[in-house]
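In C-alpha cells below, several structures.
Both of the next two complexes hold chain A, though its partner changes from chain B to chain C.
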Partner chain A sequence: MSKLKGAIVAAKPSVEKTIIGMLEKSMKKGVFDAVIIPMRAPSGDSFAYVLVKDKSLLKDATPLPPTMFVQGAKAVSSVTRLGKGKIKIAAVMRPCEVRATVELAKLGQANLENMTIISMDCPGVLPSSDFLKYPEKNIKLFNEAAKKLDDKMMRPLCQICDKSSMVSGDLHIGTLGAKKDTFFLISNSTKGDDAANKLGINLKDNIDSWQTKVKTFSDEKKKKRKKAHKELKAKVGGIDNLVETFSHCINCHNCMRVCPVCICRLCYFDSDKVKHSAEDYLERAESKGSIRFLPDTTLFQMGRMMHMSISCVSCGACEDACSMSIPVGQIFSMIADETQALFDYVSGKNLDEPIPLVAYKEEELLEVEDSDD
Partner chain B sequence: MTKSLKINKSTEQGVLELLKYLLENKKVKAVFTLKKIEKKGAVAYSLIADVKDLQDAVPFYPLMPVNAGNLLSRFTLKGSPDELVAAVVKPCELRGFVELIKREQGSLENLLIISSTCGGVYPTKFGVDGTVEKNLSKYWDAVKKGEIPDGSRPTCRSCEEFAPYVADITVDMLGKNDLDKQCMMFLNTKKAEEIAKGFKGDFSDKQMDSKKLDKAREKRGIEKKKLFDEIDKKMNGIDGLIEIFGKCISCHGCSKVCPICYCVLCEFESSDSEYGPSNFETELRKRPGLRVPPGTLYFHLGRLTHISISCVACGACDDVCPSDIPVAMVFKKVSESVQKMFDYIPGKNVDEKIPLITFKKDEFKEFEG
Partner chain C sequence: MKRKIGVYVCECGPNIAEKVDIDKVIEAISSDKDVAVIKKFKLLCSADGKKFLEEEIKKQDLTHLVIAACSPKDHEKTFMEVSEKAGLNPYLFQLANIREQCAWITEDKDEATKKAIRLIRAAIGRVRYHSSLEKKEIDSNPDVLVIGGGIAGIEASLQLARPNRKVYLVEKAPELGGLVTNFEKNFLSMKPLSEIINGKIEEINTNENIKVFTNSEVDEAVGFFGNFEIKVKRTDAEDEPVQFDVGAVVIAIGSTLFDSKKLPEYGYGTLNNVITSLEFEKMNKSGKISLKNGKPPKSVAIIHCVGRKEKGYCSEICCMYSIKFAKYLTDKIPSVKVSNLYSDLCIPGKTNQKLYEQAKGKNVNFIRFSDAEITKSKDQLSVKYKDENGSKTNLIVDMVILAPAVEPAVDASKIAEITGIYQGDEGFFEEEHEKINPISTSTEGIYIVGCAQGPKNISETLVQSEAAAGKILSSLVPGRKIEPEVKTSEISEALCIGCKTCLSICSYGAITFDESKKISVVNEVICRGCGNCVAACPSGAASIKHFKFKQLYQEIREAIK
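What follows is the complex of A and B.
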C-alpha cells in the first residue's frame, strides 16, 4: 500500500463543481470511459447512483448528496459482480460506501480491476425518512450543515462516525484543513497516481494540515462514539433488553436486504431451514405457554450479526430501512467495533488484507482456548 | 341456517371467553391471535397454548404487524396441526391465506378460523410510538358507527371487502353500536356449531344486519374513489410510474411482507436479474447513462404482473416501505381492474381456481387478432 500523496487543487466555483469538472476532463482524455455517481431522480425527491457514459449528463451529478438511498457498494457490485468489464469506470462515493465496496471485493462480490474509486470527506447523511418530508428544504439545510460540519441532523451513526475521512479507495477529496476555495486531492494507489498524472495534477503538495484536522476530528468523534455506546449498551444490553428492543421487528428483513455486506442470495433465515411443521411450533408453544409467531425474531438479528459484524462499515443503511424505527444500525455498529477490534481489523480499510474469518492464524485467540491444562 | 351466539360482555371480552372455554376444555390445542408481548407492549401474533397467556391477548387490536395470511401459511406449510387450533384473523389476512392455499402454501385443515367485520388497522409504525394505544377509544367509536377511523391505513379506509368469506365464526363489529356491551358471533360452519356446544351463551338463528354493512361499504366506496383518483393522476403512464417509484431503494420489503408473494427466492433477486459487464456496456451504447443497480421500476411492474390477480389490498407493502411510496394504492388500483377482468375476488372461495391457471377457450376474444 502506497503512502498517501496529495495536491492542493483550486475549488472554484465550488468543490462539487470542481469534482465534476475533473470527471468531465478525465472522460474527455479517456482516463475513464464511464462514471458511477449519485444524481437527483427526475421526481426530485431522491438520489440514485447512475452509470454515466455521456459526460454531458455529469453536469447534473451530485457527488455529495444529502442522503444515501442505496449504499454505493451495491451500485458498484451490481455492475462488476460477474467480472471486470472492458471499460474503465470511476465511482464517486462516501468513505463508508468505499469501505463496503472493498469488503465486497474481498468477498468476491465486486471486481475493482477496472474501477477507480473516489471518496471525499463526509459530513454524514440525513436519514432518508427525514429527507423525504421536505426534499427541497432539506437539500439546503444539508448543504449548510455540511459546510459547518454540524452533524445534528444526520443519521445517528453519522454523528458518531470516526472514519468519515478514511481513504481506502484510489483517490480522495479532502476538504478538512483546506484553505478557502481549495481542496486536497489525495491518492492512495498507483491507479490514483495514474489518474492524477493524466489530469496534469502533481501530487507533491503537503497534506499535513488535512491529516492533522482529520485526526482531531476523528478523535472527537471517537469520544462521542464511546459515550454513545455506553448509553446504548445500558439500554439494549443483555438478552431481556435485546428481546424487548427487537419486539417490534416485523421480520421484513429490510435491514438485511439493504446491508451492503449481507451478500447471501438466499438468507439462511428465509430458507427452508427455518420452516417447521405446525406440531413443532405447537410443541414450543406448549413448553413455554405461548410463543410469538413467527418465533426467533431476535435469533435472526443475532445470526445476521454473527455473519456480518466483521465486515460492517457502520453506514446505517439498515436503520434507515427499518420501518419500525429500531436502532438496528447503532446496535450492529457497536458490536462490529468489538468484533473487529478482537481481530485487529478495520473493515474496508485495505483491499489486500484478508477478512479475518477466512484467514487462519495458529497463534490467534489464545485467550478463548480451553485453559484446563 | 347460520347460528348466532350472543354474550353479554364487550365484543373482545366475549371472544376471549369463548377462546378460554375452548382452550380449557381442550377443544382446541392452541389459539393463534394478536397478543401484547414484552414490557413495552409490542403487539405481535402469538401461538398461545396455556390459557393463562390469553390474558395478554388482544384479538381485535387495530394493527397488522404482519399479514397473518403469511403466518398461517408458515404454520401449516410443513404439515397441519393434529388437533384443532383456533386462529383470530382479519378478513384480508384470511383472503391472503386462501390465495396461498390455492398456491399450495398452506391448508385450512384443523384450523378454526374466527374473523370479524373489520374496521381497519393503523399503519404499523403507529404501534411503535404509542399512537394506536392513544387512539383506541376513538377507533372503537368510529367502528361502532360504521365510520372510517381517522388515520387508518389508506387501503383500509377504501376497503369494501371488510366482511370475511371463509371464516368458521364471524364476529359482528363494524356498525355494531353496542359492541362494548354485547358480543355477537355468527357460527357459519358445522365445525363452529359443534365446537361451541356446551359454551354458556345465548344461541339463536339471527342473521348479520346487512343494511349497516351496505352503509359502511358506501362510505368506503366514496373514500376509494377519492384515493383512486389521486393515484390515477400520479400514475399517468411510464413517466408517472418513474416519478412514483424513483425513490425506491430496492429493499424489496414490499414483496417480503406481501401475503401473495410467496416465492422463496424472488425472480428479481435471482441470477436471472443479474447482468454482466458486457450487458452494461451494450446498454451504454444505446443511452447516455443508466441507474445502478438497474431494474427499479421493472421489479414493481414484474411483481404487479405476478400478484395483481390475487392482491387482497391489505396495505402491508405500504407500511414496510422506508421511502413512503404509495405502493399499496398503486397495487390496489391495478389489481382491482385485473380482478374485474376475470370476474375474480381473491380469497373468496378456496375451491375457485386462480384465473391465470384456468384455461377458458372463449375467454378474451377481445385480444384476438
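What follows is the complex of A and C.
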C-alpha cells in the first residue's frame, strides 16, 4: 500500500459525473482510445459492460451500477484474450472484478499491457433476482444505501467483503474518508501515474484519511467475515452436510459459467469422462443400494473448489446465478480464504505474484507430508 | 475385435505360492469377462518361463496379457520383451504386483488371496483399455556443447572435436582463455603459460570442427543424453538466439574469487597496496611488480585463507600459488622479504613439497597466524596478528596480497537452472558421486569439469576435461540410436485454454506455447512422460499415453469394487 500516490479531486456535480468527465477528457486527449464501462440498457432494467469507442456515448455510463450481471473480468478477457490489441483501453470495474481480471491475466486469459484498470471503493451490489423485481425503485434504494455504506440489501458476499477498497489495478477512486464533494484519485502503477499526469492531475495529496478509513472498514468486515464463515462451516462442513447442501443442485452448471476464473474450455463435468454406461451406474447403485440423479453434483463443486479456489475473488457471481439458492459463493469464499492462506496468497492482489500452483517451493506444505522422514 | 486376455500367475518359487492360494485366484478369475486363459507357472522370469509365455501368447492368440508376479521394477521390462518377441505389442500388457504389495506384506493367506484377486482384476480392467504404442528410434546426436572457454573448456573441446563430431564452445567473455591468461607461469614447473594457452586457443580457432561463440551465453538447454536442444544468445546484442542440437554438454564455467571486501579487517578496497592474488598475477604478468607510488615493494605479506572460515572449505590452490608468488617476487626483486601468513598449509602431491622447501629461506618465511588486522602505518601497512603461540605480533610491510577463497562462478545458479543440474551447499555443481563419478551429474550426458565442480589447479582441471571427453567419446558414438520415451504427454488442442500452467511445471522444458493458436504444445522427443503437466492442467487438456483416464479409472474401479 505504501507506494500508492493520490490526489484530491473535486466531485462536481457528483463522483460519477466527474469520473465520466475524466474519461471523456482522456479519450479526447488520446490517453485512452476506448473505455470498457457498465452502462444502463435502453430498457432501463439492466446494466451491461460496454466497449465504448465513441466518447459522446460515455455520458450514459454508470461507473458504479447497482448490479453485476456479468463479472467485469469476463468483459476484459473477451476483449484481450487473444492479445493486447493495438489500442489503449481503460476498464472501469469494482475491486473484485479487477482482482479476477488480474487472475485471468496470470492464467493467460487477459492481456493487460495496453489496458488501464480503474477501480473504486465498492459498497456492494444487489442480488440480480432482487434487483429485477423492481429495477427503478432498486436503483434508488441502491444509491441511498451506497451513500450510507449500508450493506443489508447487498449480496451476502458483499456484506462480508473485506477487500472492497483493494487497489490492484492502475487507478482507484477512493470515496471513503473523503471530504464533502471530493474524492481521492489513487494511482497504483506507472500506467496510473501516466494517465493522471496527462489529465493534469498532480498525485501529491495526502491520502491518509482514505487509508485509515479503509483499514477500519476492512477490519470490521474481516471480523464479520470470520464469524460468518464459522457459522457456515458448522452448517456445511463435513461430507454429509456438504452433500445435503448441494442436494438441491440441478446440475445446470450456471455457477461455473458465470465464474470469472473458471476458465476451462470444457469443464471436466461436462465432458465424456463423466458419461458412464448403464452397467456402471447399476454397479454404483448396487454398491450403495441406490444412486441419485443427476449424479455427482457435490463432486462437481468439490472439483471446482480444487481447481479455482486459489483464484476465487469472492465476487458472488456463482451464488447470484444459482437458481436453487444454494449459498455456493459463501462456501467458495470460505474455502478460498483457507486455501489461499495456505500459500500466503491473495487472489488478484498483485499481477507479478505467480499463482501458487506454478511457484514450486521445496519447503512448503510440510504439514501434509509424511512425518516419518 | 474380441479381446482375448491371457492371465499368468507366477508362483515366484515359494515367494508368492506360500502366501497366496493361486488355485483359488485362478478359480475366481477364470470366468471373468474377456479372460481367455488363466494359468500358473513356477518362475515366469526364468528362461523356461519366458519360453512358456512366448508360446502361450502365440498359441492362445492373445490380444492382451496380464502377468501377476513381482514389482514392475523387477520384471516389467522382461515381460514386455517377451510380448514383443511373441508378436504382441508390449504395451498391451499389464503387470499385477502380487509379491511386494501382497504376498510379502501379510501372514494372512486368506487376505492375501483376496487382495491378489483384486489386484489382478484391476490389471485386467486396465489392460482392456490399453492401446498399442509404437517405439520410435532416433539417431543420437554426437555433437557436444561446451559451456565456458577457460582452460577446462578449451581442453575438453580440443579432445572432443573430430571430423564426425562438432563442438560448440560458448564463452561469455569477448576472448577465450579464462583466468589462466592472467598467469605468467604455472605453479610447480614454473614454466611460462602464455605460449601453451595461446597455442591451444589458436588450435581451437583453426579447428573447423569447433564452433566458437564468444560474448555469448546459453539461453536454453532441454533434452536428454543424445538429444539436447540448445539455444545460445549473444550478451552484447539483441540477436535472435542461435539454435542447434547436441548429444552431450560439458559445463566448464570455472570459478570466481571470494569478495575480500566482505572482511573489512583486511582493508581491501580502502587501503593502498592491499591487493588480491588475481590482481597480483595481473601485475606480475604486466612485467612490473610495484606499489602505488611506482616503487618496487621491499616487503610483502601474503595472507592465505581469506574467507575460508566464511566459506567453510579449503580452496586447495592458494598455498601453492602463494609459493609461486614468493618465487615471482624473489626472482624479480632479489632483496624482497616475503611473509606467508597461513592458518593451515596445504601442499599435497608428489612434487609440490619440493618447491615449498626451495622457496622457504632467509627471505621467505611461513607463519601460522590467526586474527589478522591490516591498518595503515605511515607509508606502509601494519599487519597485526596472533602467532601460533597466541602472542600478538605486528608485521610492517609495503604490500599485502590476499589469497581469497575460490567461489562458484557468478553464473552457476543460472546454468544450474537452465541445465537442470544441482548445486551443492557451497554452490559448486554437484557431481553424481564425489569419488566414483566425479565428473558426471545427476543428468546423464551433462558433465562438469574444472573449477565449476570445485577449487582445482590446472593439471587437475585438464584431467577432468580429458575424463569428460573420454566418457563422451566412448558412450556417444556416432550412429548410436536412442529411443525417446513412448509414454509421452499429449495436449488436446480442443481443450487447452492456454493458461500456460504446464509450461512452468514441466521439468524437462518439453512444452512450448503456440502463440498463434494460444495453446501449449508438447515436444514428444523431449517429454519424459513424468505426468506433471497432466496433474497440473486445470482444463484436463493434458493426458499421458498409457495412463489414460479410462485406463486408470477402470483399474481403480476394479481395485476398490
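The working rule: the second predicted complex is superposed on the first by the 371 of 373 C-alpha atoms of A that agree within 3 Å, B and C clash if a C-alpha of one lies under 4 Å from a C-alpha of the other, contacts with A are read in each partner's own complex, and residues count from 1 in each chain.
Criterion: a residue touches a chain if its C-beta (ideal position, glycine included) is under 8 Å from a C-beta of that chain, and two chains touch if they have at least 3 such contacts.
Computed from a predicted model, the values in this text were never measured in an experiment.
S.K.: Does chain B (first) or chain C (second) touch A:292, or do both, or does neither?
M.R.: In the superposition, A:292 touches chain B alone.
S.K.: Figure out whether A:54 sits in contact with chain B (first) or chain C (second), or with both, or with neither.
M.R.: first
S.K.: Of the partners chain B and chain C, which touch A:358 in the superposed model: first, second, both, neither?
M.R.: In the superposed model, A:358 contacts chain C only, not chain B.
S.K.: So in the superposed three-chain picture, is A:239 touching just chain B, just chain C, both, or none of them (first/second/both/neither)?
M.R.: The answer is neither, since A:239 touches no partner chain.
S.K.: Tell me the contact category for A:368 with respect to chain B and chain C: first, second, both or neither.
M.R.: Touch status of A:368: no partner.
S.K.: In the superposed arrangement, which partner chain does A:273 touch: chain B (first), chain C (second), both, or neither?
M.R.: A:273 sits against chain C, while chain B stays out of touch.
S.K.: Applying the document's definition of touch, where does A:46 land relative to chain B and chain C: first, second, both, or neither?
M.R.: In the superposition, A:46 contacts chain B only.
S.K.: Where does A:70 make contact in the superposed view: on chain B (first), on chain C (second), on both, or on neither?
M.R.: first
S.K.: Applying the document's definition of touch, where does A:264 land relative to chain B and chain C: first, second, both, or neither?
M.R.: So A:264 only meets chain C here.
S.K.: Hey, is it chain B or chain C that touches more of chain A?
M.R.: B
S.K.: Check chain A for residues that touch chain B in one structure and chain C in the other, and list them.
M.R.: On chain A, the residues that contact chain B in one structure and chain C in the other are 81-82, 265-266, 271.
S.K.: Considering the complex alone, what residue numbers of chain A touch chain C?
M.R.: Against chain C, the touching part of chain A is residues 81-82, 107-109, 263-266, 268, 271, 273, 283, 287, 307-308, 354-355, 357-358, 360.
S.K.: Okay, in this complex, where on chain A does chain B touch?
M.R.: 34, 36, 41-43, 45-46, 48-54, 56-57, 69-70, 74-75, 78-87, 128-129, 132, 243-244, 247-248, 250-254, 257-258, 265-266, 270-272, 275-282, 284-286, 289-294, 320-325
S.K.: Please give the residue numbers of chain B that touch chain A in the complex, ascending.
M.R.: Answer in residue numbers: 29-30, 32, 35, 37-40, 42, 44-50, 52-53, 65-66, 71, 74-82, 85, 110, 124-125, 127-129, 239, 242-244, 246-247, 249-253, 256-257, 264-265, 269-271, 274-278, 280-281, 284-285, 287-294, 296, 319-324.
S.K.: Hey, which residues of chain C end up touching chain A in the complex?
M.R.: 494-501, 504-505, 518, 536, 538-541, 549, 561
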